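Take a look at the structure below.
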Amino acid sequence: MGIFRMPSLGADMEAGVLVEWLKQPGDTVARGDIVAVVETQKGAIEVETFEAGVIERLLVTPGTTVPVGTPLALLAGAGETVVLPIPEPQPSVSPPPPMRAPVPLPSPPVTSPPVTMATAHPPASPAARRLAAERGIALTAIAGSGPGGAVLLADVERAAATPSAASPARGLDLAQMRRAIAAAMARSNQEIPHYYLSTTVALAKANAWLTERNTGRPPEQRLLLAALQLKAVALALRRLPEFNGSCIDGMFRPAEGIHIGTAVAIRGGGLVAPAIHHADRLTVDEVMARLRDLVARARSGRLRSSELADPTITVTSLGDRGVEGVFGVIYPPQVAIVGFGKPVERPWVVDGQVVPCPVMTATLAADHRVSDGHRGALLLAEIDRLLQEPGSL
Amino acid sequence: MTDADITVAASSRTITYRDAMREALRDALLRDERVFLMGEDVGCYGGCYAVSKGLYDEFGPDRIRDTPLSESTFVGAGIGAALNGMRPIVEIMTVNFSLLALDQIVNNAATLRHMSGGQVSVPVVFRIPTGAGRQFAAQHSHSLEGWYAHVPGLRVVAPATLEDARGMLWTALQDPDPVVMFEHVMLYNMEGTLAATTGPVDIDRAAIRRPGTDVTLITYGGSLSKTLAAAEALAADTISAEVVDLRSLRPLDGETVLASVARTRRAVIVDEGWRTGSFAAEVSARIMEGAFWSLDAPVARVCTAEVPIPYPRHLEQAALPQPAAIVAAVKALMGA
Amino acid sequence: MTPDDVRRVVLEELSNIAPEADLALLDPAADLREALDIDSMDHLNFVTALHNRLGVAIPEVDYPRLITLDGAIAYLMADPAIAAKAGIA
Amino acid sequence: MSDQSPAPHAKPHLTRDHLLDLLRQMVRIRRFEERCGELYQQEKIRGFLHLYIGEEAVAAGVMGCLHPEDAVVATYREHGHAILRGVPMTAVMAEMYGKAEGCSRGRGGSMHLFNVGTRFFGGNAIVAGGLPLAVGMALADRMRGRPRVTACFFGDGAVAEGEFHESLNLAALWKLPVLFVCENNLYAMGTRLDRAQSQTDLHLKAAVYQVASEAVDGMDVVAVEAAARRMTDAIRDGAGPQFLECRTYRFRAHSMFDPQLYRDKAEIEDWKRHDPVARLSAWMRETGMLHDADLPAIERETEAEIEAAVAFAEAGQWEPVEDLAKDVYTREVHP
């Protein structure tokens, strides 16, 4: 005999409210008879039985909401009594096969595995990011040639153009660089009669000026002592031009512009001295900006050849670490090289009083064929004087 | 009828998406006598999806107008009434039948203002049920929101939450231009709590339904729940997914989308339309144009397979975007 | 941001400056300039990167507090800008 | 089942055998639809389901007048038409389940039954969507000089669609061999005819387009058959399109999920007094054409046929998901 269940009356009907029984226990029903009224979100619908028989028992009282398939009443056939099957979990109709993991539909054509490297700050094209990640190059070390300075694939390829793993520095062939320096230094020693001068320069005023200038400025606009040093040398050369030029076959030719080659140490060894062009015409801020740019590109091997070929003098500085004094070797065909040592605290006589004062050793190595000690001393003195009036640089 | 008469007592109540939409209809009919509802079986029958059930008895046949099965004509008539001072709400039974009325919507509703040199505007709202999921087979399962979002002159919105179902209609009615509001058929039974005071909401901005840092999941309408489910599953794999509900397809709130992608650097778009020429393609193009330099991976799309929707349940589900496919797309972007 | 987040940013920037250095072996109490051969320009770039990614001011007077890795992390964690940040820059 | 003999318009006398056959066809539809209603409530059939109970006389009357090479275009209420046209009940039931053995490989379901073998060109779920198709098929027949008829079934709702007017005009203009069969059951889903049509005498609408048209009692299978035969003969004689308005009534809701708020029960009961199956069997009994054993025999045969169809559907396979994109194009195309 049968069970009369809550029917599914619509595609999106999950449950129904039994509103009213139209038949009572004991009533006989034929196939198609209306047995109950069910309320759905679309209104009350009369529900028929598909089995004939006698209503044995009503299982749900009017007003209750039950899910589709729930037994609502028991029907006995002629003379039978119905045993309610133990309410095992309502076996909803045999569902279609359990959904296998969705078949890989023509999924989006993902090209190479995407890069998951730390997202560098500067904008960079996805292609650039991917190659940089593969080659272990930090995007921050690459100045981009794309719009807004974005790093493009070509930028990374250039930076990545390094020989075998030997050279840790990116984009630079240190072995080849070593050979070039060696050749230049050897020639310098053979051809250029160096004479050397040094003097001690007080830095109190320069440091005070720098500290005052840097307060309140974000880091990228702050100045280093090196910028003042370079500008001082450039202005001093205006008054003593014989230290700014080249000497070829013993003949000195003064340079039209003051292009100061700034010695930059390369990590892991190596040295380059790219030029800051017309350093004398730049403000201190501009000198600093050029310096920052040159150091960054030098250390990532992205210097333009023109920048390496045409300094008219070289300045080498040990910064705030290293030793007090450095005597350079002149880069042929230049005729002079200025050196700045590590600033140190020293007793210093000011207005007859001995006070602690930061000082540094400034040196000059020059080509005796072109100049002599007296003019060299004037140059160092002029540099010293200029550094005592940092505001005028 | 003043505003005061429409306040609702309880602080918040459980309500379905369908009831929230009905409340919005009733509220609009009470507040503005220019508003009337027109469509097939919206009156005596109570609405194909029972959204307007009971309104016929309350407002009568003049403002709850059953129409013959003449989509082109009654949609055109709605546009005409809007031209002439009314604020019609035209219910097109499903997006599948709206194809018969596309000419009126595109060549009249969307075009009249511009074509007339700004002399007229068409303040009509089209409510259109959309989407698949109930085995209604190919002719009754389309998702064509992207077509409408292509047409200048139309605004297109897709309420995916109870707040939007309750709040978008009034704002759309205030808009002097035609607004197409898509209601995904799988949302009608969605139940949840809604504050009694919820009123009109904006229809311009996208909403971040779930903050995240590793990838941006962009979706709208009926796919929102599947996208949130995918985000949940990704969280278990320590992938933090941000879910952006576009809410409006035209205009598209590019600002919110691009800001999110700039932060997460990856984007997956979930759209029940077919991939080729889908709305997801438009969103992907805008990301490529606006956030290219921030991208760490190609923009991915999870769309409906390019087949007429089949009747059998297991094929229909295999064709439609599913959380598992969204999770797989994200993992592909993360190189996992 | 957690100390781990800050540590990750600091080490990332140090690796940009000294890519060949094995930061895992870095003694957190050592003077970074000596350990990683950092000159004044490197140091300025390091401070600039921290400023841009973490939004901390780092005036020159505070440079001495960035000499060691632990010192730098402690200094950065104490900065109000860090407490406000939700995630890694 | 259909009249095989190509003899020119041989008119079947209302013999006992012929009447028994009409009765058998209507009972097959009636029981099949009842069983589908039951299977839907047990969630075996999903999606939409539109039952033909009450309108059987129209399909039974018209199908008998069509030749094998004629064509049929129907609507989403097309189970009866498909079965009477010769589509095996097993294939139709399997399609209702969505099984791969279904007449549309399970992809169409209740509203989209197709069977090219019997030239049954489908149910169509868009109201009036089939009319332009029928006109086009008839155009091809006319251009190739093929003496065929295309029978196009649609409801009173379709009469409000633009396609109805465009199709009738085109068919009349080009004298196309189309039999337009309007199953006017008084309701377009929930909208009564007089709330949808200014002119409710539908066959007059067709006359305006110079299409020969006639209305007939859609609850009387003999009347429907006679009219349909007259019209198909006229079409085969080159008289051009014909329009047959069958005034009938559906005893069940529009579809499964319809509380029928739009009509009252008294009206349904009133129309049930014209039940086409009961009417034919009563008339045959009165004229001595129906013997006591006939109806029980028909019921038994029908029950057996339906049980076999359900068993066939239950045993059917689901189409493999890998075939999802199969047959989107005739030749493989990847967008």
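We just call them A, B, C and D in the order they show up, numbering each chain from 1.
Methods note: a contact is a pair of C-beta atoms (placed from the backbone, for glycine too) under 8 Å apart; a residue touches a chain by one contact, two chains touch by 3 or more.
Quick caveat, the model's predicted, so the values are computed rather than measured.
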Of A-C and B-D, pair with higher C-beta contact tally: B-D
Chain of greatest Cα-centre distance to subunit D: C
Approximate Å spacing (C-alpha centroids) for the pair subunit C, subunit D: 81
Rounded Å distance, subunit B centre to subunit D centre (Cα mean): 37
Rounded Å distance between subunit A and subunit C, as computed from the means of their C-alpha atoms: 15
CA centroid of subunit A to CA centroid of subunit B, Å: 39
Residue numbers of subunit A (touch at least two other chains): 11, 42-43, 96-97, 102-103, 105-106
Touching two or more other chains - residues of subunit B: 46, 134-136, 305, 312-314, 318
Residues within subunit D bordering two or more other chains: 46-48, 98, 258, 261, 318, 321, 324-325
Residues of subunit B touching subunit A in the complex: 16, 18, 46, 50, 53, 134-136, 185-186, 188-189, 265-266, 292-298, 300-302, 305, 312-314, 317-318, 322, 324-325, 328-329, 332-335
Subunit B partner contacts - residues on subunit D that touch it in the complex: 46-48, 98-99, 106-109, 111-112, 124-129, 157-158, 160-162, 188-191, 195-197, 258, 261-262, 318-319, 321, 324-325, 328, 335
Touch list for subunit D against partner subunit A, complex: 34, 38, 40-44, 46-48, 98, 253, 256-259, 261, 318, 321-322, 324-325, 334
Subunit A - residues contacting subunit B, complex: 11-12, 14, 41-43, 96-97, 99, 101-103, 105-108, 110-111, 113-116, 119, 123-126, 129, 148, 150
Residues of subunit C touching subunit A in the complex: 12-13, 15-16, 18-20, 33-34, 37, 39-41, 44-45, 47-49, 51-53, 57-60, 89
